[in-house]
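Okay, handing you the structure first.
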Amino acid sequence: MNEKLKVKIGNTEFATPVIAASGTFGFGIEYADIVNLDDFGAIVTKGLSLLPKEGNPPPRIVETPCGLINSIGLANPGTDEFIKNYEETYRVFPTHVIVNVGAETENEFLSVIKKIEHMNILGYELNISCPNVETGGMMFSEDPNTAFALVKKVRKATEKLLITKLSPNFCNIRELARASEDAGSDAISLVNTFLGMSIDIETGYSRIGKPFGGFSGPAIKPMALKMVYEAARTVNIPVIGMGGINSGSDAIEFFMAGASMIQVGSAIFRNPQIAFDINNFIEQYLDRKGLSNVSEIIGTFKGSKNE
Amino acid sequence: MKRIKSRVLNNKPLSPDLYLIEFTSMGVENEILPGNFINIEINKNLDPFLRRPFSIFDTSEGTISVLYRIVGKGTELMKNLKTGEYIDFIGPLGNAYPAPESDEFIFVAGGTGIASVHYMLKAVKKNFPESKRILFWGAKNRHEIVLKEQIENLCSEVVFTTEDGSLGNKGLVTDFIKTNPNSVIYACGPTPMLKSVYEKTKMNKSYFSFEERMACGVGVCLGCAIMTKSGKYKYVCKDGPVFEGSEIFG
Amino acid sequence: MNEKLKVKIGNTEFATPVIAASGTFGFGIEYADIVNLDDFGAIVTKGLSLLPKEGNPPPRIVETPCGLINSIGLANPGTDEFIKNYEETYRVFPTHVIVNVGAETENEFLSVIKKIEHMNILGYELNISCPNVETGGMMFSEDPNTAFALVKKVRKATEKLLITKLSPNFCNIRELARASEDAGSDAISLVNTFLGMSIDIETGYSRIGKPFGGFSGPAIKPMALKMVYEAARTVNIPVIGMGGINSGSDAIEFFMAGASMIQVGSAIFRNPQIAFDINNFIEQYLDRKGLSNVSEIIGTFKGSKNE
Amino acid sequence: MKRIKSRVLNNKPLSPDLYLIEFTSMGVENEILPGNFINIEINKNLDPFLRRPFSIFDTSEGTISVLYRIVGKGTELMKNLKTGEYIDFIGPLGNAYPAPESDEFIFVAGGTGIASVHYMLKAVKKNFPESKRILFWGAKNRHEIVLKEQIENLCSEVVFTTEDGSLGNKGLVTDFIKTNPNSVIYACGPTPMLKSVYEKTKMNKSYFSFEERMACGVGVCLGCAIMTKSGKYKYVCKDGPVFEGSEIFG
């Protein structure tokens, strides 16, 4: 990988700032036939809970203009099965693995982490924002104090990289970001999915298995970018930006808005090789601009031309 | 599984709603097993955003073909693809129809289910040329019975059923199914049809190909869940699309 | 117009539940060459302030996937000029006219209304949610108490139809909705635009004349629908739903979610005759379902099939 | 202003980036004045979402043609439109080039600005057949000087300028403009070009056609603001696209 793409968070080096987002790249091996895993600086696993979760009733996916609503419901094999299946796999893995932990209580978060702490993983992304489970992490997003308490406890439990993933569905993005920083996160990531709804007008029922779901894809990019910008202005730790990124150009917008790294989610479904394409685009962009590292564009958004 | 940037060779209507598209496959046709599907990116712009999954209707050296019905914005775009234009597909995806030895195979196809059934019919004819192959083929009307001779040639017998009676029996294809105790059943079509096939063929080995809304097609999004008899979900794109009848309906 | 489309808010009858949204249909006459104005049950004017406003520096529009971000900045001729230009026009107008008032202070809201109260207009839509003016109405949306106080005062100043238009950029949609109802609104309308951002990666500047703008169009529909549903569950007054509506089918989703009427905004730019198309679709839908009036589908969303 | 559901008659490349599309106009061509534009819905799906504005290059009985450059996703789609396919346009929109009497008219075209200039050239030739009509035509390179003879035939004189010098002068078109005190100036091209034309022709009556990003094209969205010398905004789609040079730059 080109040196120009190398970035650091704390002491960790990433070969590229492009990460696969949770829930859109499985546990990292499903696409291996067609994706060079080291095109990603890291992959984030599907959200992991202590016990196995079957997930929500189908349909779980509905497409909307330039986006999709999902109602997966944090389906996952649970921590024990996860360890059994992936402990060996991750011992020699072409890129960093970050485990997305999607739990419902402080204790569950801590138990999951305790169980997998020995694995060869880079760290954790705490999903305090999943819209798809009833009692789910969302409550941690509603109140910065609750989020603070959770992150603080997790911080004590691990020295690995700790990322807190924020929900866009509450107005206090800046407060949440600050609470996550104050409690000791190494970085924050945002946005998780927006709450969205779609109705089948023939039946009157939701088009997914729950009344609402999580909305993602290119459609959400303008809002996600705005929120990443707000978060990056608020905290001093690195911000990992995502939400609708579908091209190298989108990625650069997020860097300019203040993201130190970016994640690609839904766009992977369409273009599994998107990390390759984004890396390429960034390289060429940096060359064209005479820059020597992607970090030089972080936070360079200049606001409006008229001010 | 490969990702192929392919070119359209041919794209033509077979009936008002059904089209057959053939495109280059860059050798990937050799990896394909009956039952597999591919996930197609139809357009360069972002609406529709997701790929669209289609069964493989047929392959030949260097080509794949798909039989599709116009139902929405993706297939509307697909129908306008001209010879020489690009599409991008990922595949082959999913599992395959198992092929236990037998001397009688029953095929049940509803609507575009004929695509997946056709490819399996070809394989069974090739592997068990002496076998009896009876196809129960259901459609809305006679216009939707397309490529009739080509498909009849693969079968010992074809029983047609149309909803309006314009060809063969009138009614639902499942009303006319007859099986023997040792026949192996393959079926592809709407889920209610599959359920009804299962009810009538409980004593047989049966393999059904299912559809579910898909985002990724490879098992990462967990979008295509299907409830199994055991109370656990499986995933149509990865554990399927082919399941034993008893696993889902048993 | 078909009887099936007739709806009522309070004592006012509307020939169809389809309204042209503020800022997307000017003052009602610009499209008259190609639009039958009575295809709309009402039109809402561009936001009106007391004094003329020049608006924001260009570019004022940028397209995003399935949507657009605008930075118009409430450009408008001001109340005196408005009266001069449209008093006669509205005296005989093929449909109801609702004036969208976009002011910055309680006093300004009251002054505008006082000046135009004599005109032949149906009522007002209070824009307490414009994202495009610095000190703008947005502050009224941040705090339900401020919104309550404003609406209460306006309510005393007019007996005409009073609609309060809510912003989706704050988490308290339900509180805001309730405050608007309690203060005497005849109806609420939502959503106004979401905050969005777009960066020109060649220059590092915003692609519009301000750092952020208002995001609208089909892209936002899943979120708008969810918010309309929440609002309709909260209040007893009619809810006027909007946000990304681009077809008759979209409109019916909003009715099912609880909207009594709907507004079409950005979609007008693409299809100025959309009201005709939506009316047609609704008529056919009602016929097909054996229903005799559109109001029979309001709030008929059944949630998820599995619950 | 009408909304026309039109059919493509012809759509062909004139250079790698420039295309000429001709489509049916259902009589609306009789309402069109030089300087007017139309707003085209290119695709049925929602990405791109907005219509795209284009100057009218030419009309004939029952048809309109547009000369366009491929710059983004809308024009990429446009270039793939085949004869017989539908487009939907609204127009004519905007104001027209005024045509004061004169014996010398200077036309300045940069890039696709030639489209709007061409239509005005035709009108001036028709109305003032005896007039002197000098066209200063600038382009990136000689490939972008398209329909050369056809346009030369409308002029008394054409001065070509290309950025790479591959045809005519090398440099910027504005470096070579010459005028007389009584010449009337018409110009269409990028704003910096128009500004430079203004600087060189301050003493003349000049009419410039501007571009700005548009959502509606009819004056309702207030998206296409252009700052005038007086410190007030005007709207390119409604007050323009043609403004007197002095109104904007004066």
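Letters are used for the chains, namely A, B, C and D, taken in the order the chains are written, and counting of residues starts over at 1 for each.
In the analysis below, a residue touches a chain if its C-beta (ideal position, glycine included) is under 8 Å from a C-beta of that chain, and two chains touch if they have at least 3 such contacts.
In this text, all values refer to a predicted model and were calculated from it rather than measured experimentally.
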item: Common touching chains of chain D and chain B; value: A, C
item: Centre-to-centre distance between chain C and chain A (centres being mean Cα positions), rounded to whole Å; value: 34
item: Chain centre separation in whole Å, for chain D relative to chain A (CA means); value: 47
item: Shared interface positions of chain A, touching two or more other chains; value: 57, 65-67, 218, 246
item: Residues within chain B bordering two or more other chains; value: 46-48
item: Overall pattern in which the protein chains touch one another (line/ring/star/complete/other); value: complete
item: Residue ranges of chain A touching chain D (in the complex, touch as defined); value: 65-66
item: Complex contact set, residues of chain C against chain D; value: 23-26, 30-31, 33-34, 46, 54-63, 65-68, 70, 72, 75, 217-218, 246, 266, 268-273
item: Residues of chain B defined as touching chain C within the complex; value: 46-47
item: In the complex, chain D residues that touch chain C; value: 1-3, 41, 46-51, 90, 212-227, 232-233, 238
item: In the complex, chain D residues that touch chain B; value: 43-48, 73, 76-77, 82
